[in-house]
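Right, one structure below, let's go through it.
Labels A, B, C and D are assigned to the chains in the order they are written; within every chain, residues are numbered from 1.
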Amino acid sequence: MERLIFVLMRVVVTLKPGVQDPEGATITDSLQRIGFASVNRVTVGRHFDIEIPGRDEDRIRREVEKMCESLLVNPVLQDYHIERIQGPQPAG
Amino acid sequence: MGSEPRMASWEEAGLTAKEYDEICEQLRRPPNALELGMYGLMWSEHCSYKSSLLHLEQLPTEGERVLQGPGENAGIIDLGDGLAAAFRIESHNHPSAVEPVQGAATGVGGILRDILAVGARPIALLDSLRFGNLHDSRVEHLFSGVVSGISQYGNSVGVPTVGGEVYFDDAYADNPLVNVMCVGIMSTEQLTRGTAVGPGNPVYIVGAPTGRDGIHGASLLASRQLGDGDGDMRPAVQVGDPFREKLLIEGCLEMLQSDAVIGLNDLGAAGLTSAASETAARGGTGMDIDIRAVPRRESDMTPYEIMLSESQERMLVIGRRGCEEEIEETFRRWELDAACIGKVTNDEVLSIRDGERILAHIPVQSLTSGAPRYDRPTRPPSDCAAREAGAEEIPIPHDAGDALLQMLSHPNLCSRRSIYRQYDHMVGIDTVLTPGADAAVLRIKGTERGLALVTDGNGMLCRLDPERGAAQTVAESYRNICAVGGEPLAVTNCLNFADPEHPEVMHAFQQVVQGMARACRELNTPVTGGNVSFYNQTLDRGIAPTPVIGMVGSVDDVSRCPGRGFQRPGDAVLMAGQINTAKLAASQYLNIMHGLQEGPVPEVDYDAERRAGELCRRAIMEDAVHSATDISDGGLMIAVSECGAASDEGLGCRLDLTDSRRPDELLFGEGGPRYLLTVPEDQIDTLVCLARETQCPVERIGTVGGSEVQVHVNGELILRASVPSLCRARGEGLT
Amino acid sequence: MQFCVVTYPGSNCDRDCYHVIGEVLGEPVRYLRHWAEHVPRGTSCVVLPGGFSYGDYLRPGAIAARMPVTGAIEDFAAGGGLVLGICNGFQILCEAGLLPGSLIVNDHLAFSCLPVHVRVEGDPSPFTHSLKQGEVLRMPIAHRDGNYRPPSDGAQPQVALRYCSPAGELGEDYNPNGSQYSTAAITNERGNVMGMMPHPERCAESILGGEDGMRVLQSAVDWWKEVGSYGI
Amino acid sequence: MERLIFVLMRVVVTLKPGVQDPEGATITDSLQRIGFASVNRVTVGRHFDIEIPGRDEDRIRREVEKMCESLLVNPVLQDYHIERIQGPQPAG
């Protein structure tokens, strides 16, 4: 029997430029207050690490793109890009 | 004067050629680009009410309890004992359609600041929502997003969301409605008007720095319909910061304890332009603002952007000269920036400067009351006759129990628990009756008294008959307040309509206002404020006319407020009010079971309404009832099922009716004031006396007990359902 | 018995706690602001109220835990003072390391505001002093991040309350947020610091549907009278 | 006058292995339900982009590490690593 092979992709989501980031602003403030006076700005983003079976990275990337568009990313407020973290390897 | 290259034509400012000429006339010169942009916002439909004002003048706005009527940031009513309640409702429909979470969240933020602006502490929120059919995944996305936005913002600022309503109808598929009402409480001495008086007094902008977000929100997003190019408007989407809002609330309320502050105003639609010109207009003064002093989020913002930005979580504070230090210090303690951006003047002109350079110079009255007013053409709808069709032809259901379960599990009638569970409805520890009751009740700490609050709207009725539908909406709010023992006091309203330039829409608008005005006059609930939202339309599909009423009532003794749940086996089930007039026409039964939205909408019988309301209220305040509810959407059986489902012990009841009408009409018919009361045996006499005194019919229709709802008509058992099965059905609708 | 209620920026149950302690429990109470560097002398109990300190940004309680007053509360607790963290207050105490473990997002991800039942557990603490082991209380919760996770070193915290059925049984069905072992409240080893997700101040008056919350607060007062301090 | 020079560092925070991830589990579920049946697992993380003045990247990296330890990361639940996104350049 063939073992399943997985690829691990990371979707990195950031706020669109110009969109307000109250969380980032509050974190910046707090860092300054607790002694990191020089911090100029902190912005917050998130990522999704997606484990998906297959070997064909192009196909997988397109699949992940579709996931972003249908669920993971809010196109009104967020931008994203996809990074490969691990190439095909047996599931962990 | 400085010139702004970005907006040159009146069209881009959202104005007409005639309006542009009018501006030139009032200014006695052509406006420059910045001035034109400011006019564009202030004369937009959203800010100027240019299509609606003429009609709104019909509304009754005065009453012994009214301390402040329309025109201010919120209406205020006197509660006695030196206390007053401020309240208002506002829409955030367009922003929520573009980005449901943030659109709804910032809607909550906006209405909170309106209440804060009159000097009241916000104590309650209510949300009135409309969406298309939930089977559509796009609608589902809007619905869950809006609920989560309200929950995120309201919970975080610590103002409980104590009630609201939600309906699903294809009419809202493209244009969801998100109306939020806020209620605040204050001592009567603390009434702060949004006025700028006293030339030389400093003007502050407090809270968030001004950013590029929300530019053109009022003129473009809220004052025209959504079209294919919505994507382009997306940069206007704003992200709410409830944390900063909470600090603004606490900072401003602390500031109002001292007399260092003369006036407050929120920065909402049309941002600084509107806040400055409206406070000056109310005070009969002018204002001189240096945009250099306005804190910004981005360094390269133009004067145009600064004056038109609708960035959230900002307030305009008119201080008293000499108190600058106290003002700045108080806000600093709440971690808020207060920047002095100018001063009050006596020239009745709004001057905008960049340092020494004057950028705009506009008479305040020209921006505000100078806006045009339109008497837009109206035309009754052409398909009126078709809607009068009767309900006679529809088949009588084989199994009334099945029909009941089907009705109960419909999204329009089912339990709203999955929504209000996500709202903190208890913070503030005043919520005596939580969501799920006919109206929310909040106690007023330190007294026995309380406030009863409700929102209500019915687009289906208003589409069938705008005038009667609007009157019925007011009546339904009235019933909800009476059902918890409250005395209805006053009304705020949000009028959600399609394109006002469409004569049929304008006709419905005019009819709705007329119906609402009559009902509010008859029921002695003056209108203290409101909001109009037009252009809820996508291409040629407009929403149903949807006036949403927010009503405030006063409860003399909150310890008497009953729930609607059955309490004790053996209690008599009584019906009070217009007992035998319910019809299937224009009912939820026709809508849900037969897909028919038709039939004449009944006229409100105001005498019957007042009598029944008084009976219910007095029965409650005399502690004669164990439970009370009004019978509304879905008719008698839905009300009875809700009483069973709300019973802590899972009690049912047995009803014995004598009636010759069709059983479905008897069980599910709607119309007229009807209250369902459960009364211990030894209090039945009290009810009989009250019935005589109030001249309101009361009839015993059954007895509480068992764990089933059973209905016997003329001695024959026609419906039987276990209370757990009712609960299950009610729980299914929104999952 | 002198109480202090802490107000962090964004706290929103501070006024509720203040009202209940002062008007219902009838004990002296004052506010303590986040910039304070000391807990006032004579204080017996500090209450960290619910709400959204710093907007719950970063992680609930994380920023508040780094504010000066939290350090002062740590000293106060070390000296034996009583500390009660409610909801966001519980989150702050975990973030500050005054209590072990952490509170993550509810397993169903949504905010939940509803009444639940909790069972009093065995380990002694001033806050459960007057309650019987196994007794069931009804109290409201209102949170999005109440899913208790014990520390990763395997140490088991002292549990004061667990979510349960009205009859006191434990089980998935009665656990509103996925907390490990249905944990609703824990104390530190000494027992003088307690964190709880349910809101006792929201059920301290019968007009609001119950008075079980009073029993927790009254416990602390009884304990103070009967047992006295931990030596402050 | 000398212009300030900034470095942009990214702190990538991930859940420690074994820590419950209700959000990741729900997203995995939803993706599967809406047609991405093959997705094996999604985990959620976040990142902070920190703009901090200076040229000395080593010093800045140490500074950022301190921020992580004193505020940004909860060591009970989270791991982190620091990436440089942009080298020294004038503030944007």
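What we mean here is this: contacts are C-beta pairs under 8 Å (C-beta built on N, C-alpha and C of every residue); 3 or more make two chains touch, one makes a residue touch a chain.
All figures in this text were calculated on a predicted structure; none of them were measured in a lab.
> B-C versus A-B: which interface comes out with more C-beta contact pairs?
B-C
> Using Cα averages as centroids, what's the distance between subunit A and subunit B in whole Å?
For subunit A versus subunit B, the centre distance works out to 39 Å.
> Using Cα averages as centroids, what's the distance between subunit A and subunit D in whole Å?
Each chain's C-alpha centroid was found; their separation is 9 Å.
> From the mean C-alpha coordinate of subunit B to that of subunit C, what's the distance rounded to whole Å?
Each chain's C-alpha centroid was found; their separation is 36 Å.
> So which stretches of subunit A touch two or more other chains?
If we look for residues of subunit A contacting two or more partner chains, we find 22, 26-27, 30, 34.
> Where in subunit B do residues touch two or more other chains at once?
Subunit B, residues with two or more chain partners: 241, 243-244, 335.
> For subunit C, give me the residues that contact two or more of the other chains.
Subunit C, residues with two or more chain partners: 54-55, 57-58, 63, 66.
> So which chains actually touch one another? I want all the pairs, not just one.
A-B, A-C, A-D, B-C, C-D
> Taking the touch rule as given, give the residues of subunit A at its contact with subunit B in the complex, in rising order.
That would be residues 18-22, 25-26, 29, 74, 76-77 of subunit A.
> Provide the residue numbers of subunit C that touch subunit D in the complex, in ascending order.
58-59, 62-63, 66, 95, 101-102, 104-109, 147, 149, 151-152, 178
> In the complex, go through subunit D and note every residue touching subunit A.
By the definition above, subunit D touches subunit A via 6, 12, 14, 24, 27, 30-31, 34, 36, 38-54, 63, 66-67, 70-72, 91.
> Under the definition above, what is the set of subunit B residues touching subunit C in their complex?
It comes out as residues 148, 151-152, 155-158, 241-244, 246-247, 334-335, 420-429, 431-432, 443, 445, 558-559.
> Subunit A touches which residues of subunit B in the complex?
98-99, 102, 211-213, 234-235, 237-241, 243-244, 297-298, 311, 335
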